[in-house]
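Each in structure tokens, the structures are laid out below.
Two complexes, one shared chain (subunit A), two partners (subunit B, subunit C).
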Partner chain A sequence: MEQQIVISIAKDFGRYPAGRYLADGPYSGQAFREKLLVPALNRSNGAVCIELDGARGLASSFLEEAFGGLVREGFDPQTLLERLQLQSDDPTLVQEIKEYISSQSSAGSH
Partner chain B sequence: MSEVCSDGWTNAVSWGLIFLGWFVVHKTTLRQERRKEKREATHKVCIELRELERLAINFHVAQEHDSRNATDLRQSVVRLIRQLQRAPLTELEIPNRSLILLRQSITRNNADPSDFSAQAPDSDLVRNIRDVTSDLIEVIEDGRERKWE
Partner chain C sequence: MKYLSSDDRERHKRKLNRLVRTLAKLTRARRSHKRQKLHDPNHLPALRIYAPQAIDAYNHGRRSELATFLAALREHFRDTPDRTLLIDFSRTKQFVASGTLLLYAELTRLIEYRHNSVKVRCTAPANDRASQVLEQIGVYNLCSHRSHGTPTRHDVVHWRVARGHLVDNTICAPVIEAFEGQLATPLVDGLLGGLAEAMANAVHHAYDGARDDGLNYTDMRDWWMFSQKKDGHLSVVFCDLGIGIPATLPIKRPWLIKQMEKFGLPVNDANCIREAINEGRSQTGLPGRGHGLGNIIDVVEKVHHGTAIVSSNRGYYRSKEGTASLDNYRDSLMGTLIYWDVPLQEASLVSEV
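Then we have the complex of A and B:
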């Protein structure tokens, strides 16, 4: 049985994530995707749990770049929706991220 | 003896009616007070939304990206969304879509140093912030009328 990978944005990345690209700072969506999300997804074929709570002020640009960017990098949207387990007390964050993944579906697959 | 009993019953019934009357008035007053508090909470959140709209527009039309204002804006958006998801405002059943649109209108584009450019006051981005905020306020006020007026 595959062990589930758990990533807490606040604990494993930064309590104040901000920005879209690396040029925006070390806690950008691109940095989160490249440093944590992609390695976790490539490490196994199992579920990757993302804990969104605890991070202060998650912006849409960060979310779009971090998660929508996965599809632009070639990950299959359907597989991502199945493997990523998004946890938050705020259902709007989970819904928004899923929309970024789904809306990129024409970008190709891994 | 029977007269005493009859008086006793009359007294008991009278006291019962007095208590019932008090109870009904008390409950009605409490309900009205709660409704008033809820209406005040919606009024307050609408004022905060208008303030957020003002701050967001000021941020986007500024000549330069201001990191401190960007942080404040992000946190204000989160705080307002959380507020709308808590009692008593959660009773308004505001659609998630309206809250997502609020966050996106302010923090998706032109929010970071890498893609910031001073917006004209009538740009699509500024107009969108105004539209989304107004739509959300309308949803809140409709909900208030439906539930608490």
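Then we have the complex of A and C:
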């Protein structure tokens, strides 16, 4: 039986994740995807549990780049939805991430 | 009582005389320097610019005065950088959060535009509170004005300013988290999320062109944040000095302009802001989880007595307890200003934001 990988955004990455690209700042969505998400997904074919609670001010630009960016990197959306176990007390947060995976939204907003 | 010996008395006398002579010398040198300056054909007296009575970006009349004042500051840095600038705050009685942040941001930008080469001085406001505000937020420091001591007024000591050029909430978080016990946890998260969106907008879009201020200065891509606790409310203001949402919309979201034209909506600044916000809100379709500017407004949507305002160039969009209003001012901010106002204590009773 494969051991489940657990990633806590707050503990393993940063308590204040924000921004989209690496150039945006130290705790961007791209940094989270490249440093933690992609290696975890490539390590095995099992589930990857993402703990969202504890991280503060999770904004759409971070979430879209971190999770929507996986699809742009070539991961299959359906497989991602099956493998990623998103944990949060806020169900809208989980739903928002799932939507970024199933249908990529355009970046930016100004 | 101790009596000095005659030797000690003489020594003290000599010391005192030396001090008197040094003081007289310094005074003579100072007077001579002043005379030289007066007769020096190259010396130009400081150019005095009066600050308005109220530094306010939201009241129509006061906003015009603020815009005129800021334009005069820009003109000085652009056209007469070799003259000392004297900002005269003697008539200023009131600093409103949004206008104050705008002034602070504009001043720091201008000083850096001329690489700190322009001498900036100021005269203090006669009003004690106004003077303490300038001390607290660092305007006196920017103007090399002597410190008036640590502010003591309870309605001033909680003013905080932050500045950055990255999307990095570690800068803003301590300011917001300081009110953790007085704000509901989702509201703290919401404000931090709103700030993250505002920073992302500033970094990604606001500085995509030259600001229409005649300076052609594009090196700075900063944002500024300001927080204030007053009358049981927490106000958080964020600003960038970029080209503004109405200028970025045709480049980044041209379909929104076409949509406005299609429905016969005037393509003015306020409508551009509304379209940008509404698009962000419709993208996720989730309550309280808008996208971009939509996220910024959603922060306060369910907060009793909560207000969010997005102002950019001439337009503004205000959401108060879920009710929206918008309009255009006569004068442009030349940038984007985002404002949240949430009640403290009462907010902690709100379980869902």
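The criterion applied here is as follows: the second predicted complex is superposed on the first by the 103 of 110 C-alpha atoms of A that agree within 3 Å, B and C clash if a C-alpha of one lies under 4 Å from a C-alpha of the other, contacts with A are read in each partner's own complex, and residues count from 1 in each chain.
Going forward, a residue touches a chain if its C-beta (ideal position, glycine included) is under 8 Å from a C-beta of that chain, and two chains touch if they have at least 3 such contacts.
Note that the structure is predicted; figures quoted are calculated from it, not measured.
After superposition on subunit A, the partners subunit B and subunit C are seen to clash.
When the shared chain is aligned, no partner comes close enough to touch A:54: not subunit B, not subunit C. Set against each other, subunit B and subunit C touch different numbers of residues in subunit A, with C touching more. With both structures placed on the common chain, the touch criterion links A:27 to subunit C but leaves subunit B unconnected. The intersection of subunit A residues touching subunit B with those touching subunit C, taken from the two complexes, comprises 16, 18-20, 24, 28, 56-61, 64, 90, 92, 95-96, 99.
Considering their complex, residues 16, 18-21, 23-24, 28, 56-61, 64, 90-92, 95-96, 99 of subunit A touch subunit B.
Contacts from subunit C toward subunit A in the complex involve residues 166-170, 173, 177, 186, 188-197, 199-201, 203-206, 245, 248-249, 252, 276, 279-280, 283-284, 286-295.
By the touch rule above, subunit B contacts subunit A in their complex via residues 70-71, 74-75, 77-78, 81-82, 85, 96, 99-100, 103-104, 107-109, 111-115. Of all residues in subunit A, only 14-20, 24-28, 56-62, 64, 90, 92-93, 95-96, 99, 105, 108-110 touch subunit C in the complex they form.
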